[in-house]
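Some notes on the structure that comes next.
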Amino acid sequence: MNNFSRPSARQANQLREVKVQRGYTPYAEGSVLIQVGNTHVLCNASVLEKVPPFLKDSGQGWVTAEYGMLPRATHTRSDREAAKGKQSGRTQEIQRLIGRSLRAIIDLEKLGPRTIHLDCDVIQADGGTRCASITGAWIALRDAVQKLLDQGVLTENPIKDNVAAISVGMVDGHAVLDLDYAEDSNCDADMNIVMTGKGHFVEVQGTAEGQTFARQDLDNLLQLAEQGIAQLVAIQNA
Amino acid sequence: MNNFSRPSARQANQLREVKVQRGYTPYAEGSVLIQVGNTHVLCNASVLEKVPPFLKDSGQGWVTAEYGMLPRATHTRSDREAAKGKQSGRTQEIQRLIGRSLRAIIDLEKLGPRTIHLDCDVIQADGGTRCASITGAWIALRDAVQKLLDQGVLTENPIKDNVAAISVGMVDGHAVLDLDYAEDSNCDADMNIVMTGKGHFVEVQGTAEGQTFARQDLDNLLQLAEQGIAQLVAIQNA
Amino acid sequence: MNNFSRPSARQANQLREVKVQRGYTPYAEGSVLIQVGNTHVLCNASVLEKVPPFLKDSGQGWVTAEYGMLPRATHTRSDREAAKGKQSGRTQEIQRLIGRSLRAIIDLEKLGPRTIHLDCDVIQADGGTRCASITGAWIALRDAVQKLLDQGVLTENPIKDNVAAISVGMVDGHAVLDLDYAEDSNCDADMNIVMTGKGHFVEVQGTAEGQTFARQDLDNLLQLAEQGIAQLVAIQNA
Amino acid sequence: MNNFSRPSARQANQLREVKVQRGYTPYAEGSVLIQVGNTHVLCNASVLEKVPPFLKDSGQGWVTAEYGMLPRATHTRSDREAAKGKQSGRTQEIQRLIGRSLRAIIDLEKLGPRTIHLDCDVIQADGGTRCASITGAWIALRDAVQKLLDQGVLTENPIKDNVAAISVGMVDGHAVLDLDYAEDSNCDADMNIVMTGKGHFVEVQGTAEGQTFARQDLDNLLQLAEQGIAQLVAIQNA
Amino acid sequence: MNNFSRPSARQANQLREVKVQRGYTPYAEGSVLIQVGNTHVLCNASVLEKVPPFLKDSGQGWVTAEYGMLPRATHTRSDREAAKGKQSGRTQEIQRLIGRSLRAIIDLEKLGPRTIHLDCDVIQADGGTRCASITGAWIALRDAVQKLLDQGVLTENPIKDNVAAISVGMVDGHAVLDLDYAEDSNCDADMNIVMTGKGHFVEVQGTAEGQTFARQDLDNLLQLAEQGIAQLVAIQNA
Amino acid sequence: MNNFSRPSARQANQLREVKVQRGYTPYAEGSVLIQVGNTHVLCNASVLEKVPPFLKDSGQGWVTAEYGMLPRATHTRSDREAAKGKQSGRTQEIQRLIGRSLRAIIDLEKLGPRTIHLDCDVIQADGGTRCASITGAWIALRDAVQKLLDQGVLTENPIKDNVAAISVGMVDGHAVLDLDYAEDSNCDADMNIVMTGKGHFVEVQGTAEGQTFARQDLDNLLQLAEQGIAQLVAIQNA
């Protein structure tokens, strides 16, 4: 235990450096490049003045997300999903997760009959892309909403709280925060935790990769995540 | 709180009645109809003497799963995925979950160069279909493995432990076990927990549906799940 | 000729045992599990209060069918059509046949502006699945229509007659009724005959598998089918 | 009955004029434009020196067919199947029928390890396109086989017999031969009959369109078809 | 240079023989079989009384095209695009080119709220199919428009000019007109030029196949094309 | 003519500012972000030690490209091609163009049995994305090749020349260089020109958008392009 060290030489409870560039592209209503170490995700928020069919005439709005990864975001090239003609199960899982996470903190009635569509595209990937997507997408969402407030399209802020996400995992028997690719591909268990600014849980997704985990491990991981999320929320609000 | 009652009149920590019919169809190496209340899932295990390309020449085997729901398993008819030409994101999430859960308790090297393919088809659905699929698929897997042991194809049992799954959720502020459809569609938060016979966690998937949840709620839900899984494991072993 | 015997030891003109369970699932308006020997098909009838676009504003209703087979309904596992992303030519042929057969005995004007959608899903298959589907689907259709009559949605019965189907074929030079898989995969010629309760033909589909057949063979097969259908109609009405 | 007349003024048992142009395109091993009245189908036979995977190393050959219709072969334009991204159920039914019909009269072992691929493309359509396709494809197949015999690739003719197809149907209570589009779209029952040169049946496909049909009608239709096929076979051999 | 000769023995600036059959099929509003040497393309123009969604309520019409090649139009059989489930990139490029070329010479406002849909289907291919398609499609378009003028549906001719296309290329250092397949598959550079009757350019598409080309080559090719187009326009107007 | 001014206030023959960042992402063998004004394209070159099936055992290598645009690269959001399940005709045209352009300047035999796969992904789009892709992809290709030379995998440079691309067009009767989106959407004619470092043509693609163009216009456009390409080649070599 004394000899434990992470590939990145970080402390067990240490986040990678997080950088946020707002207004990254000129056209999207919210456009954020979030960098979590070597994981870079471009999160664009588009305001569309329409709602999906199931909300027609409800007065209510919608927030949804799509996720993609550039073919050479990773160490080896992956096939382009558009060329293969379908999104993988992994991609669909992630974009459904991002959408649910954002809807957990927005008042869809206050948003009114419009959709905010988040596109999270991974430019380079070093683990934790879904968490970076959620954390960055919240900022893009806020910037798009602020634009609607500034324009008087909205009179009341529909965003109820922050939402951010972080991964935690068991590596060689130790609970660690914010796994990079080297750790993620060798860990025993891996969790993605989505929480609000107030410290409530939105999503808890834990998977035993190599080894099942005990209740005590789970408790340790949850505690690490709570600490990491608090830091991310502070960055979002900075 | 005193007046709390469930639509099914069950106790908060009470499972629905579980029935298992083994050998349900004559052709599959393992064939189990599991009934959890009004949720009925047919779990067929097929032994295929081949492995996926990424395991070629590794000597190792594979366990995988597919999930489907008959179009009129539910109160209203859903479109048939085969006719639409693709599996939904939800279907893919579920079948990936079932596969991961079973792989967590099997020694793929002992299984040798063959695949056990689990088909989980929902005949009727009243909530909790993914959990019933996992619990039933384990039995079908065990029956298929037993056949391989009886035939001398395998000399050592590759199954390391039981695996079973149950849903828990917050309904009107109460933690309840094994949600049926009426509860599932109205709950504030919903978790699917997959655990081994020894009580270790394999998957923890919690989602805030209407309302985010506090750490204390999460702890209560995990405890309920631990109790429920223990009962399911006993049923599997009966 | 004297030594002729069938794998199942049945007489040349003997049907397999037919069992029908009505109300098999709780949600569909008509739900029938039909068992013809080891061929088991679940036929669910769903009433949808809409019609396809080409009937819009015509006042007329529609009856249609979809067919599927669970991947391990057969001796060896088949790929799941939803996973492959398309229905095979065989599946499409069969579901078109089921739909045409049912439409032949229903008055679509009396049905009014609604669709009855039949889902025929094969749980286990030992030959003759399309015939069992038609025979079972008619019962599910009748039960769904009866529900509409009971509810006063319909005031007049749109069903004009029974419809049922049976296979016949030439095996080793003998005309036999109701082929099971062992016979079906070795026969010289194979016919599927769909007839009404009054003994009229709806569909006649004969195919030379190994050997073309003479007019006299065809006449013998048609006669066997007429006998078989009469028995199936009696079972439907029981 | 005395007043019965067909839209084309033909006798009830009269074929449309049939014209055959062999060597229609310069590249295919067999290339036949068959004209049956206003129905024109181009049947190209391609010899491919390979077999489908399921025949690999069997020494046996294969004959298969594909069917298509130019978008404006008919009175109104249909969507192009290549643009829609899939072949309709009808197209698949027809091409499976053509392939089965040709395989019924060829000795696949004598053909040896090669495939003859028939492409039947409808240039203009006035009813009976699947029958014209089969009748024309047989000629293209024979021409391609003759080329293989002339080249010494084959030393024995694998073609065992002619095969040809014709439609018959009940129109206003009369059995008529070789329905054109005007009759086909108004008939009560419609059959496509595929027969060999020796007068044996290969396929019998009858469908009640508006009205179910009695055994006597069926017998009359079969007799008409036998007469028509005999004429088509004579044309093929001319 | 003195010894230069083309496979077809044509002069460098000599077109292949062009034949046009109008009214080739009986149903399309314009139907032209154009034969440019051994390249034969059937061009059918269909008048549809509707416009694409983006022109709804604009009062304006639309002209569009689809392109296909019969599987055995060429020396070896190609896969059928409808069976593969998608049109190739090449097919899409060509049909977009045909559509743009025709729209360049039609007044869409005068055409009014209707679509003329051109289907260009290659019956046999010996190089230059896209050019033959454009040249033939213009004739089919004119015939369809003439029918609308004759019927009084249109009162003013929306066609502003002819449009025709020809290929030119560098073969062994020589600029040649109207490449056939033998030349096309061996040329250094290949251009498809689309021009109006007045001699203006609509499309210029040049590609270095084996070898890049100098400005002087380009000028020579453009001049050859201008001569070829003038002859094609004369044929169109004959 | 005196009053002519461009939306960007550039001279008719003035390029937008071009910036190139090499080594933009850490994993790809060549990774270039090219910025041409507000058009930003990330060009990643991946070296794959395999070749497409048609080059198997030929000893020869391959260079190919794929193109994509982030959904919100433009003023309004476009649907994600991966979610729609297919690449548009436009996307396919562009990626085929990029691949051909690069293959024109590489010696595939010297490259040896490997593929260099260029991924050109548009981060933001203000016109000219295909030209920026080609110009940037060449730099990424060169960097990847240099890495292979440095590693001794290649001993001889397979790159024969530069290749770059630029758009030119007729706007209000004036020939202008390097159209941005505002000009591109209002021009009369639009050309994309691909040339080598030596000033030879690789691709010439001109399209009359609103108005056909005369030979003199074409000559003026070609001359402008030659000037622009020379500047781009200088930037590539800087």
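Should a chain be cited, it is by its letter among A, B, C, D, E and F, assigned in written order, with residues numbered from 1 in that chain.
Everything below uses one rule, namely that contacts are C-beta pairs under 8 Å (C-beta built on N, C-alpha and C of every residue); 3 or more make two chains touch, one makes a residue touch a chain.
If you want to know which protein each chain is, UniProt gives these names: A, B, C, D, E, F = Ribonuclease PH.
These numbers were taken from a predicted model, which means no experiment stands behind them.
Undergrad: So which chains count as neighbours of both subunit A (Ribonuclease PH) and subunit E (Ribonuclease PH)?
TA: Output, common partners of subunit A (Ribonuclease PH) and subunit E (Ribonuclease PH): F.
Undergrad: Given the touch definition stated above, what is the smallest step count connecting subunit B (Ribonuclease PH) to subunit E (Ribonuclease PH)?
TA: The distance in steps between these two chains is 3.
Undergrad: I want to confirm something about subunit B (Ribonuclease PH) and subunit C (Ribonuclease PH). Since they are copies of the same sequence, is their interface symmetric in residue numbering (over half shared, so same) or not (under half, so different)?
TA: Result for this pair: same.
Undergrad: How big is the gap, in whole Å, between where the Cα atoms of subunit D (Ribonuclease PH) centre and where those of subunit F (Ribonuclease PH) centre?
TA: Comparing mean C-alpha positions, subunit F (Ribonuclease PH) is 51 Å from subunit D (Ribonuclease PH).
Undergrad: Could you tell me the distance, in whole angstrom, between the mean C-alpha positions of subunit A (Ribonuclease PH) and subunit F (Ribonuclease PH)?
TA: The separation of the two C-alpha centroids amounts to 33 Å.
Undergrad: On a C-alpha centroid basis, what's the spacing between subunit C (Ribonuclease PH) and subunit D (Ribonuclease PH), in Å?
TA: 27
Undergrad: Two or more other chains in contact with one residue: find those residues in subunit B (Ribonuclease PH).
TA: 85-86
Undergrad: Beginning with subunit D (Ribonuclease PH) and continuing through subunit E (Ribonuclease PH), what order do the ring chains follow?
TA: D, E, F, A, B, C
Undergrad: Using the touch definition up top, name the residues of subunit D (Ribonuclease PH) that touch subunit C (Ribonuclease PH) in the complex.
TA: 86, 89, 92-93, 95-96, 100, 104-105, 189, 191, 195-196, 198-208, 212-215, 217-218, 222, 226
Undergrad: Subunit F (Ribonuclease PH) touches which residues of subunit A (Ribonuclease PH) in the complex?
TA: Interface residues on the subunit A (Ribonuclease PH) side: 25-28, 31, 38, 40, 42, 44, 46, 48, 66, 68, 70-77, 80-83, 85-87, 91, 117, 119, 121, 123-124.
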